[in-house]
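Take a look at the structures listed below.
First chain A sits with chain B, and in the next complex the same chain sits with chain C.
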Partner chain A sequence: MGTLEQHYKKLWNWLDERVGLAEVEKLARKKEVPVHRHSVWYYLGGMTLFLFMIQVATGILLIFYYRPSAEEAFESVKFLMAEVEFGWLIRSIHSWAANLMIFTLFIHLFSVWLLKAYRPPREITWLSGIGLMGITMAFGFTGYLLPWNELAFFATQVGTEITGAVPVIGSFLLRVSRGGEEVTGATLTRFYGIHVAVLPLLTTFLLGLHVYLVQKHGMSMPPAIERQANPKRVMPFVPNFMLRDVVGWLTALAMLAALAAYFPAELGQKADLFAPAPIGIKPEWYFMFMFKTLKYLPAHILGIEGEVIGILGFGVGGLFLLLVPFLDRRTARGEQSHLFTWLAIATIVFMIVLTYLGYTEVVTQ
Partner chain B sequence: MGRVGALVCLGLVVLATWPVPAAAQPPAESCVACHLEVGDDRLATPAKEFGNSVHAAKGFGCVSCHGGDANEAGMEAMDPAKGYIGKPDREQISQVCSRCHSDARFMKRYNPAMRVDQLTEYITSVHGRRLMELGDDKVATCADCHTAHAIKPPSDPRSSVHPLRVADTCGSCHADAKRMEAYNIPTDQLQEYKQSVHWKMVSVKGDLSAPTCNDCHGNHGATPPGISWVGNVCGQCHVVQAELFTKSAHAKIFVDLGTPGCATCHENHAVTRASDDMLGLGEGAVCAGCHALDDKGGEIAAGLRERIDLLRGEYDKAHAILLKAERAGMEVSQAEFELSGAKDALVKAQAAVHAFTVEAVKKEADAGLAIAAKGYERGVQALEDLQFRRKGLAVSVVIILALIGGLVVKIRQLERKT
Partner chain C sequence: MPEEVPSRNPNRRTFINWFLATSAGAFLLAVLYPVSRYLVPPPAGESTAATVTLPIKPVDVKPNSGQIFKFGSRPGILIRTPAGELRAFAASCTHLNCTVQYRSDLSHIWCACHNGHFDLNGKNIAGPPPRPLDQYIVNVRGDEIVVSKSA
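Showing the complex of A and B:
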């Protein structure tokens, strides 16, 4: 044992001289996490990060077998699921982790919003977080098409069609996103490139910035807790909070294993470009509230197409969300901001209700 | 030469001497003008109907068939000296139509693919023979099936001879008991045909290639198929079955017994969808009509049914297990595709029944049974894999939960210390 310890110390010293491990250790030991009744929300960001790491790992394994062309994509996924050892598990976990990651990301976003963690000096942390949310949804949208099955094909057709309704630049956006006028093999190759190269690159930058800022500013304490006079409780990040984080990650892993075993990702039918669209085409659940809203809007509002109004509305909504730290002046001044709390609750209710309606209303066309 | 020969010669002489229109004539304006003006429906209807016909569309006029001179404004237009024949007699009708329709050179200008043997066919038909040999003018002639003036090509759904309307057109006479009384023939053909799988294919599935009256009886040469050659008629579509049947023991026996080949088991007009129940000696089995278990034929019939049932059962079993695996999320599409070979073998075995030997059916059924067995094995394997996956993942969940438990204990210890 003594020899092992000596070897370990030797290695530590060797690394310390070269990369400054002692400073990192000191930093880690110094780092503290506030303990209060809202501490549970601190785990969501880490859980999202963990699921993202699973996505990277399983995604790399999928790339070994996946072939990004209209002729081979479906067959390669089928081969992966039927013939490759544990191929079914890798695909199922990639699919489920994607959904769980978006779910935890949404919870993380709304917990940060409701706890007003975006207030100075964490505005850029918020901006990078919103950017990461956009990237994650783009990951979901581009990844959904890649198996090249019937549902994915038509959902992408509908989804890209919506970009076509954006005023002025709509037709340009449509052609850029589809790689032509229609959803074809060119769209698939393009989505693949975006999914495995462009989005990971952007994520690396934004995630790096986001995590750096979280480390720099530490965990934000909710204003209500901050205003309390009694002394604040804290726990060390290493090992207490980290171990708790690992509990969260393992819980997510157990959920993924159970989901992959009992609800494996399906493949469906291969996309047929000339077949009529099947009834009840639905987007992924995280786009459902937008899709349903656009469906509910009347054909024309004040002489403008309802769909255009809807898209502009979501554009303005997205911009508002991005600028929340700058618009919420009361929180920035350290005052209570009920308006922004209610706006967050209204947004959550709106998303849940529209998503629920999207899955329960009888499909008529 | 006999009466038929004389009539054919007469027909040919008429054909040779009848003035054939050099080309489509201008619309018969004077005929139509008068026929519409006199206020008599009997005269106005033909003029109205002709306007929508294929002949009018191609530029022919009334005089093309009726003769006369359409340029004359009054009754002079109907001068026999100018070839006017009025309403052709029933004996005359086929001659009038065939002036153009039997002239290959002339017809080519309008429809190069169109047959020109309608008259030749007609004089061999029961209709034509009765008309020409017995002078029976109640039988069908061209205008009865095609209508006199509103003639449209058979491809036009409004045509009286479109595949969807042929049965009703034939039935307008053949389902008329009073009209058929003199001929002493049944009148239930239309009713029976409309219960058949053939009519279902035409009318429900919209498959216009499925047979209607003329496909089996011929159209212009309409004749009931003879007992010895009914198989040839059915064999036009059911090639494999007909070939096997022709070589089988039944082919000769049925002729000797005076029973009509295919129709003995499958009916003629009321052909229903063939099912496995027709085979063997059980209830609804047609074999049981002649055979019993204690004769050789009955033994073969039971053997045939046994093979077919076995293959169907094994196919269903394999299909069910693959479906179960698929619904549980297993990827078995390749196995399902391969299993379709067993279904094909079943169809081949069902066709092979017409050889009436157990060996012929066994040969096809055995191939299908091997495929079905492989499919079933793949299904079992898929379900076993599924169980293995579930157990494996359940074990990993337990391990993860144990890790979580350990960590929680560790965290508590840590926090107790601090």
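Showing the complex of A and C:
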């Protein structure tokens, strides 16, 4: 084996002189992960990243058969599901991984919030993370329309109509998002372009920044752990933490395969622009809490349309979420901040309760 | 690195390495197999019909002219010779698959891509085409032209 070893060494040296492998290796060896009772939350970001990579891979495969036009979209997906070998598997994994990715992203967001990992100097890591959340939800919204089936068509109808309620620029937003006054084939083409070109480009930049900042600052230690006097335990990232990451990823992949096999993505009926909306039309689960909140609002609040109040409310909520690191002055000063802990918990409870109500309502009443 | 010492007795390290490598290999296969099958397109529902009735009337094809028609998913060319006889060929040039056309000024078939010439029997007479065009059988039944592949 001596000669093989020498060849490997030679290849390594050749590459090192040209791309600087030794520096990368030094960085990788230097990276450490704190070990404490909240360490489990460190895996959620990597898990979201892994699911995103699954989305990229399966998404590229789907493009090979998908045709983005109102005439052909539904038929091409039907062909993919029925005729192409393993087409059902690729599409079902894409659909399931999308849902799981949003789920792990939410858990990642709230664990970072509750553990106050956004405190200085990690504010920009938080900002880029919130940006990535917005992009991910846009991925979900645009991707949902692409099979051009009944449910997708009406969900997009409702979703884009809501943007029309935004004060002042509403009707402009509506026209831009639909590519016209109504949801038509033009909307489909537009959503396709956004889904496969615009959002991936934005993600590349924001994700690069996000991951770079995580490397630069290292893993954040929760304040409560940081305050403890006893010596801090750490684990090397390579290979200890990375191998644990891989175990999680393989488990996720096995789950995805099982979900795709037992609960394959459905296709339903082809969208008919002149058919009545089907009963029980629902948005994707991660939009449900907003959808349900808007439903609960009365038609008019203080003379203003309820819809408008709701949208402004969610806009302010989103802005608040974005600015949490700058509003939470106590955490920034290194003090305990019960208010922001309770705000996180209240947000989680609000989302869960409204989602639950959204799924249990009797639609015909 | 002690584990590099060649040993007849497999120790813990070599066993684990072997186990890891075969697992990784099996995993890769489990991913690559469906993906490679997925990438191969399923056989298309291509029309295999050996006969096609043209949407062209015999009187519309003047002597010393030609027209392209659809034969399944490929183009065919129908010509009427200066002598008045109807003939049909596969319109894909035998050189690099461009679609040929009838040149009234030359009174034969010509391919514009690389200047290939075919005579009225489809035989390659000049330029790069290596083989004659495949000839079809033309039957005129009253008002209809029926083209079929020669058996």
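In this text, the second predicted complex is superposed on the first by the 364 of 365 C-alpha atoms of A that agree within 3 Å, B and C clash if a C-alpha of one lies under 4 Å from a C-alpha of the other, contacts with A are read in each partner's own complex, and residues count from 1 in each chain.
In the analysis below, a contact is a pair of C-beta atoms (placed from the backbone, for glycine too) under 8 Å apart; a residue touches a chain by one contact, two chains touch by 3 or more.
Note that this is a predicted model, so its numbers are computed, not measured.
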Clash or fit (per the criteria above) of chain B with chain C on chain A: fit
Contacts of A:240 with chain B and chain C, given as first, second, both or neither: first
Partner chain(s) touched by A:61 [first = chain B, second = chain C, both, neither]: second
Which of chain B and chain C A:267 touches, first, second, both or neither: first
Spatial angle chain C-chain A-chain B, Cα centroids [nearest 10 degrees]: 60
First, second, both or neither for A:278, with chain B first and chain C second: neither
Which superposed partner A:78 touches (first chain B, second chain C, both, neither): first
Chain B versus chain C as contact partner of A:121, first or second or both or neither: neither
Contacts of A:89 with chain B and chain C, given as first, second, both or neither: both
Three-chain overlay, closest Cα atoms of chain B and chain C, distance in Å: 6
Where chain A meets both chain C and chain B, residue numbers: 89, 250
In the complex with chain C, residue positions of chain A that touch it: 1, 5, 61, 64, 83-87, 89-90, 250
In the complex with chain A, residue positions of chain B that touch it: 329-334, 389-390, 392-394, 396-397, 400-401, 403-404, 407-408, 410-411, 414-415, 418
Partner chain B, residues of chain A touching it in the complex: 78, 81-82, 88-89, 235-236, 239-240, 243-244, 246-247, 250-251, 253-254, 257-258, 260-267
Residues of chain C touching chain A in the complex: 4, 6, 27, 34-35, 37-42
